[in-house]
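Remarks on the structure that follows.
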Amino acid sequence: MSAVDPVTVEAAGEVTSSDRRGREERSDFGTYLIGKIVSAAVSFLFTLIIGFTIFSIMPSDPVSALTRGRPTSAAQIAELKKQLGIGKPVWQRFFEFVHRTLTGDLGYSYQYHATVSSLIGSRIWPTLLLTGSSTVISIVIGLWLGIRSGWRHGSLLDRLSSGVSLTLWSVPTFWLGLILLVVFSVGFGPIPSIFPAGGMSSPDFGGGAAGHVVDVARHLVLPCLTLVLVVFAQYVTIMRSSIIDELGSPYLLTARAKGLRDDDVRRKHAVPNALLPTVTIIFLQIGGLVGGAITVETVYSWPGLGYLTYNALRIPDLQLLEGTFIIFSASIIVMNLLADLLYRFLDPRVRAT
Amino acid sequence: MLLEVEDLSVSYRTGRDSVRAVRGISFQIGAGGTLAFAGESGSGKSTVALSLLRLLPASATMTGTVRFRGESLLDVNWEMVRAVRWAGASIVFQGAMSALNPVRTIGQQIREPILLHERVGERAARIRTAELLDAVGVSEGRAGSYPHELSGGQRQRVMIAMALACRPNLVIADEPTTALDVIVQAQILNLLTDLVRDTQIGMIMISHDLSVLAETCDRMAIMYAGRIIETGPSRDMIRRPLHPYTRALAQAFPRIGDPGSRLAPAGLAGDPPDLRQDIDGCAFAPRCDVSFGDCTTHPIELWPSGERRESACLRALPDFANRLPDPAAVAEDAS
Amino acid sequence: MTIRPAAPPRTEGLRRFVRAYLRMPTGIAGLVVLIAFVGLALSAPLFIGANDLDVTKVNGPTLAAPSAHYPLGTDQPGRSVLLLVIWGSRTSLAIGVVATVLTMVVGATIGMVAGHYGGLIGRGLMHLTDWFIALPGLPLAISLAAVLGQGATSITIAIAVTSWTGTARLVRAQTLAVEARPFVERARALGARNIQIMLRQVLPNVMPLILVSSTLTVAGAILSETTLTFLGLGDPTDVSWGSMLNQAFNQGAVTGGAWWYLIPPGVAIVIVVLGFTLTGRAVETILNPRMARKS
């Protein structure tokens, strides 16, 4: 019964052996990876230029900015001037700045009496914990709601979720944090004080290591909730939009014609296709989470990089501010790089090119 | 009788209007029978195909009777309809690029209906997939490929293999060769006819290309403005079209090997009627070069017009000659 | 010889637009909100004076809950919260609008130049835009405002620097689309200079897009402004929503349970931002029917 016409044989011959295809794919990916890494490095260099411009070139008198309000002797001032390289040509100062940064020397904070890098190092984990947990929760809720809204677009659920998303986008993050703090921590009317008012742990909680975990979790609830509320709406919008884009596609009709139930058509066909652009955009949006983290940590005194940034504003502690700026920039660049690699890995069409 | 359709009508709600895309058609097809549906875009032929398995969007309403293997498909619950889909009757879609899921391998997509409808495991499904690919002339090794890695002809073969996966009794091929070049087109058509003949599967083929249909199907139905306006054995219909529309369609496609056909005027003046309105009399009359007075007033049906032929044209009626006004008036109408 | 692109009579297009807009309830709601707030903000000096704002001149009760005389209660020095909220709208709207204008000018210029001149300049500007997009928004704004010193100007500049990239991309894409059209090719063939083409052919076609996107930009600018002010980067003597919330945070209105001081500024922000967003989206839906499918 097989159609043995010569053109079929020819068609079979035009297939590259999967072996050869595999090798081609790997070398292409290598080139792609290197290209993306170089691009990320250039991007980082640009952020260093901007950082340098803002913190070293723009301030009219960096020495007094650093020592504002603190008595300093002439010898200390001279030492600072040498450190900051004032008097040297701009490009030389810039190279030294890049060199210092890449070797981990981000300056010194006179406010905390510690090196900027040590301060950042001690604050990274709380921020990761907070942003990590809120991102995961936001993505789960956002994708679920986005898929359902987009699939039945125009329905009550869809219109409700769109309305809620829009309103939440219009709410300033810090204000939402304050409200939640008042309601759930201080207690409002009949609602008692359920969660702690700030910080990451209470010294008198007790219970050993397990108790510590519970304690941190208790403190994590409100800041995490605040961040989730503000951020999940974005994911709903993106996912919904991607699903709606797939709605008219012919392969969905094919899936239905095969006898699949509506839920399966959505789950097995529409969602995998809609996830591709969604995943990329989500990773790119994680950079925006940084801003939210700063305000949320401030409101809740959560001892992370965001709270550190807020405290750095007070003098202003310029070296510390610069350090946090560089760290935030670096994390965004890394996220963007991961987004590019992830997309390529997930989409079979892009993989082959 | 494998499939019986009686007085099927389909209308879509768009905004405030209601588009009546299919207006009361009836046909039958037996086991192993091949029926072609021909017509221009908007004639309703694709709508008919989708309506048989109730694949129309929610904004569509269907009336009439559709009986598949003796059971009505229009007033049963969705479980039954989903059971019939693919296992009883399957569809080979056109434009195979977007009809296949871009992020799943073709092997996965062929296995999907097998695993859904038949109680077999993954291994048995893979074996059957390999057999199917072999039957359509695609190398087994390509089961792990993605749709974009195949050529247009290969993708169409995969669509056919997929449609046969659950051994259906009826295959509906909706424009299976549009967008393929002529040589590949010929291969696909041969493949379809071979498979259908060898397995006694019923086939409905839909196209705007009469010559393609004549090669593959025994019988043909021409659709215009949601109605069937002529039916009969396909070759006979093309050689000797009775309805003026069929004649125009037949002349629009020159046949290879018939040089005279290339000289015929191609294309019809005017546009198909607006399907949101009621149409009195013959829907084709405004564009017909031999229409006369009664054409727009007399109710039109499919009348027998010869051996196994039917035509929805007043000229097919035996008392046609009596209806004609005198020649002078005809000349006036035709101008 | 001036070359004018063919266009339908202006009034007909405008009338059609207004009619389409009137059919969108969300757009109308947004516009009403906008007009109300702008009206209040502009007319505030007529009914709010130094007596209500100057901490040395007021004589209301300290942090009192809402009453008949003070519908939204009073703050620490005894000022009426309601009047403070109305007065505070001026700062946010002013900074929001100025920052947006700045954003539009910078973004549109870069976008048009990038779109018009291909080659090194065009690609260079696009790379610049991409690099800017990679910069973290709030940290950049904070750093700029901190270095430039507290105050409205610093905040405005900081917002503009962090927002221009969206406009630049939009304008560049539109510039490319417009310049592909025949009338621009004709203009070039007839010897029109670069500046002429950009100002006469591209700009009029890009303006509607810019105006639509500016409404949405103002919304974001107001959010940014209130955040930066809350973090302490604004003018400390100025009454604004951000500063009110800053004081609520720093001076214990939160723990003291003074909800009347905490809620109104935030609600005001939400309403104003929603107003701009709904209006902007309504206009966008009318001008770009493809978006309508998704909403």
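In this document, chain identifiers A, B and C correspond to the written order of the chains, with residue numbering beginning at 1 in each.
We take it that a contact is a pair of C-beta atoms (placed from the backbone, for glycine too) under 8 Å apart; a residue touches a chain by one contact, two chains touch by 3 or more.
Owing to the predicted nature of the structure, the values given are computational and were not obtained by experimental measurement.
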Chains contacting each of chain A and chain B, listed by label: none
Maximum distance between Cα centroids and chain C occurs for chain B
Rounded to the nearest Å, the gap separating the Cα centres of chain A and chain B is 53
Distance from the CA centroid of chain B to that of chain C, rounded to the nearest Å? 56
Centroid distance [mean C-alpha coordinates] between chain C and chain A, Å: 25
Considering the complex alone, what residue numbers of chain A touch chain B? 1-5, 7-8, 11-12, 14-15, 18, 249-251, 253-261, 268-269, 272-273, 276, 347-349, 352
Per the touch rule above, chain C residues touching chain A in the complex are 130-131, 134-140, 142-144, 146-148, 219, 223, 226-227, 230-233, 245, 248-249, 254-255, 257, 259, 262-263, 265-266, 269-270, 273-274, 277-278, 293-295
Chain B contacts chain A in the complex at 50, 53, 55, 82-87, 90-91, 93, 95, 98-104, 112-113, 116-117, 134-139, 141-142, 144, 146, 148-149, 151, 153-154, 183-184, 187, 190-191, 194-195, 198
Taking the complex as given, what residues does chain A use to touch chain C? 42-43, 46-47, 50-51, 54-55, 58-59, 153, 162, 166-167, 169-176, 178-179, 181-182, 186-188, 197, 241, 244, 287-288, 290-291, 294-295, 298-299, 309-310, 312-314, 316, 318, 321-322, 324-325, 328-329, 332-333, 336
